[in-house]
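There are two complexes below, and they share subunit A, which is joined by subunit B in the first and by subunit C in the second.
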Partner chain A sequence: MENIEKQVREQAKKLLADGTVDIVVGYEKGTLPFQTIPCFITNPDDAERLVWNRFCSVNLAKYVHDIIFAHKASQVRTKPEERTKKTVGIVARGCTTRSLVIHLQEKQYDRDQVVIIGVPCTGYIANKKLSMAVNGAEITTCTVAGDALSVETKGGKRDITVNEVLADSCLTCRFNNPVISDVMIGDAAPPMPDGEKEYNAVDAFEELPIDERWAYFTKEMAKCIRCYACRNTCPSCYCKVCFVEQSQPRWVGAGIDESDTQVFQFMRMFHMVGRCVDCGSCVEVCPMGVDLRKFLKKLDKDDLQLFNHRAGESLESAPSLSVHRENDKEEFIFEP
Partner chain B sequence: MEKRVIKKDALAGIIKKMAENMVVYAPVRDEDNVLFTVLEEEMEPLLEFDNTKNAPKNFFFPQTEVMMRYMKTERGRELSTVEGEATPAVLFGVRPCDARSFVLLDNVFNDPKYKDPYYIDRREKTTIVSLACVQPPYTTCFCTSVDGHPFSAEGADVLLVDLGDTYLAEFVTPKGEELLKKMGDLPAADEALEAKKEKLSDAAGKAVNGVVPGRAIKSWMDENFEHPFWDTIHQSCLACGTCTYLCPTCHCFDITDEIKKEDGRRIRSWDSCMSWLFTMETSGHNPRPSQKQRWRQRAMHKFKYFVDNYDAIACVGCGRCVMYCPVNIDIRKIVTDISNL
Partner chain C sequence: MTEKTNENWEPKIIAFVCNWCTYAGADLAGISRLQYPPNVRLVRLPCSGRVNPFYVVKALQEGMDGVLVSGCHPGECHYISGNLSARRKFAMLKNFLSYVGIEPDRAIFTWVSASEGEKFSQVIKGVTEKVRALGPAQKLVKKL
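Let's turn to the complex of A and B:
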């Protein structure tokens, strides 16, 4: 992993120095022992700040979209012939590249505007699982050596294996190596342990009677404080004005009325059909620990079973709801 | 001031007994979170906990509240108010940092010129029982850098100090003394216990890990609205509301009307300066058009504007925004970086 980090820095430095990219998006060390911060490098000498480790969690593809669109917006008053394009370099694991594929399929920017520094991934540590592993105690130091994790809290030291605290979406990930890249770093990572069990939790949930499923949904949504961290970290949530904030008409109330929160969450989820890459960012950033993945994974399973499609798998395979086929199955519409 | 002793194993019972006759808010474990909530019969109030995830401000300044109702009837339009509906309540187990947040919020909602009847009503009818931090719960705590202290009684009606096998209970205000009557017979505290408290208090103050120059950056902020430093903090920000919604002192709000057929209600909801809609005007113009301006607003509001208006920093050093920011934007670092400019 140190070796990958070194090569990421070298590549970023090179791409910035020779002018291939204007900016590199990656991760840098945070102020808490188990956090990294998304960072933005424009000066080749700052490439040394980049890190690659098991705490690199949030999906960075969102920032590529943000940067390109902020640049576009800054040029509205520039003559068309004088406008420039922004080229963004990005440190990307499998799920990040799948999100970039979705952006490209949805024509958000051109392929030459993003330079993908692909990195093999063995999964990131989920903050919440890490915190639960030490019964919610504050973590004062946390070091990783291979698959061994040493966590220190006020209550003492604990050794755990990384797999115990990897994000659920990482454990069942089938795309831990980039699906597209311009520069590949290191050797391909081995498959993640639970790929075959990808839909086990959804299968079990589907078996429950409808009132129990509804009770679980309402219980989870009741935790939501409408901070929109899930939406804002999601690379597939890039609408200029989200339906929640539209006022003519107003689809969702501004308050924390139970039904408004539920409507926000399931409307967002429906927008994710064939577009959710299961990167786990929404789960990772949620301050209240809402189990969003259970529901998103159900949509993902339907997408696979009904349309044989996996979000962002390849540039050729467009999101299911963006294509029309005359032979689309439709029985499912009548059988909820 | 009355000072009494409560046996350690008796406290939970006293709280639960109080909850039979009045509304008691207390920290309760809810799955993975510790949250302030109305104590129901089968619930166990937490006495040993670090701090709650949600700030207790919600009880005086709810995330959503109805300010008035209006309806169309045969006789025309009718209006009704909802003021004065609060019931007497006890807010138990507030950490001293969070208790101080109420004193800061009073500046805004109980200003000599502008009185907020909804806030004041609840505030007056609620008694606050604080739990001193004998050991500052987190390494991200920095209350002593923003004029607070782990044993501060500011904002509390009753301050409880865990002395090992007993609690020392100080009934700080008349409201606190009223509560004493409902707590049954409690023996008076002697001087030895008070001396013990003083000792613990000194140690706790020194144990607060975070040191940030909270007051010192004000003069820099006075002069540097356009400084390039403001270009360096917002880029990774997701623009979510985690920091502002979990913050005990953030108090910006938005007012909207909701109409269902003939009935309408005017509601007030928390706003967040992190949201792109914050200060968006009807014309489509926003004086704070990007996350950079919104972040500057957040930092300036806490460490400059509030100081200008009320001579207090609008931050109590609880560290929630530091711990729960999804991308680890750290206000301690921002303040420290500014002080080094």
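Let's turn to the complex of A and C:
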């Protein structure tokens, strides 16, 4: 992993120095002992700030979209012939590249505007699971050596294996290696342990009686405080005006009414049909620990079963709601 | 507002219908003097592809007991393929609504062509019966 980190820095430095990219998006050390935060590097000498480790969690594809669109917006008053394009370099694992594929398929920017530094991924450590593993104690240091994790809290030291605290979406990930890349770093990572059990949770949930499903949905949505962190971190949520903030028509009330929250979550998730790459960023950033993945994974499963499509798996496979076939399944159609 | 009880309750159903097929089918049902339950309110749209899944969810939130979406049969869309892309959306929506725990019969999708006045009245009868069997909508409804 140190080796990958070194190569990521070298690549970033090279790309910035020879002017291939204007900015590199990656991870850097955060303010807490082990945390990482996104960083934006424009000076080749700053490339040393980049890190790559098990704590690199959020999906960076969001920032590529943000940077390119902020740049575009800054040029509305420039003469068309003088407008420039911004090229963004990005340190991307499997799920990040899938999000980039979705952006490209949805024609958000051109392929030559993004330079993908692909890195093999073995999963990231979920903050919530880590904090649960130490019973919520404050973590002072946390070091990873291979698959062993040694966590030091005020109460003492604990050794845990990485697999115990990996994000759920990583454990069942089938795309831990980049699906597209311009520069590939290191060797392909081995498949994740529970790839076969991807839809187990969804299958089990489908078996529950309808009222229990509703009870679970309402219980989870009751936790939501509508901070919109899930939407803000989601690479597939890039609308200029989100439906929750739209006022004509006003789709969802802004208050604390529980049905408004349910409708907000339901529709945000429904917008992810064929677009959710299961990067787990929404779950990772949720301050209330809402179990969004249980519902998003259902959309993923239906997408695969009905349309034989996986979000962002390749540039060629069109987004499932943008195409159709004459023989699409229609058992759900009501015939009197 | 009187409280919804099973005695005085009548199902309230909203139907989003396409201008070219189902609306004409409803018209034919009317001209042919076919009887169907008066519980349904038709909303005419250019195409079933125009139906935003949000309309369905929003209708349920605003207290509709059932939502019906109906358009041209696949392959007969006035806009060539509007109903085909709608079909994909509805397949996902119907599954997802039922997955979160809303009764599948609250949202019903069907195809009725302009010549099927008889089928239109059958659909409305069928939907009304299904929704009546479920009783008043409780889930997702915004309580004012």
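FYI, the second predicted complex is superposed on the first by the 330 of 336 C-alpha atoms of A that agree within 3 Å, B and C clash if a C-alpha of one lies under 4 Å from a C-alpha of the other, contacts with A are read in each partner's own complex, and residues count from 1 in each chain.
As a convention for this text, a contact is a pair of C-beta atoms (placed from the backbone, for glycine too) under 8 Å apart; a residue touches a chain by one contact, two chains touch by 3 or more.
From a predicted model like this one, the values you see are computed outputs, not experimental measurements.
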| item | value |
| --- | --- |
| Subunit C versus subunit B on the shared subunit A, clash or fit after superposition | fit |
| Touched partner set for A:Gln35, first subunit B, second subunit C, both or neither | first |
| Touching partner for A:Val285 - first (subunit B), second (subunit C), both, neither | first |
| Three-chain overlay, vertex subunit A: subunit B-subunit C angle, C-alpha, nearest 10 degrees | 90 |
| Which of subunit B and subunit C A:Leu299 touches, first, second, both or neither | second |
| Partner chain in contact with A:Ser320 - subunit B first, subunit C second, else both or neither | second |
| Partner chain in contact with A:Val263 - subunit B first, subunit C second, else both or neither | second |
| Touched partner set for A:Thr233, first subunit B, second subunit C, both or neither | first |
| Partner chain(s) touched by A:Val58 [first = subunit B, second = subunit C, both, neither] | first |
| Superposition-derived minimum Cα distance between subunit C and subunit B (Å) | 7 |
| Contact residues of subunit A, present in both the subunit B and the subunit C interface | 253, 257 |
| Interface residues, subunit A side, partner subunit C - complex | 205-206, 210-218, 243, 251, 253, 257, 259-260, 262-263, 266-267, 269-270, 273, 295, 298-299, 302-303, 306-307, 320-326, 328-330, 332-336 |
| For the subunit A and subunit B complex, residues of the former touching the latter | 30-32, 35-40, 58, 62-63, 70, 128, 131-132, 136, 138, 140, 154, 223, 225-229, 232-233, 245, 253-257, 284-285, 287-289 |
| Complex interface listing, subunit B residues touching subunit A | 31-34, 50, 53-54, 63-64, 135, 137-140, 235-236, 238-242, 245-246, 254, 256, 258, 267, 269, 272, 275-277, 290, 322-324, 326-330, 332-333 |
| Residue ranges of subunit C in contact with subunit A within the complex | 53-54, 57-58, 61, 74-75, 81, 84-85, 87-96, 98-103, 108-111, 119, 122-123, 125-127, 139-143 |
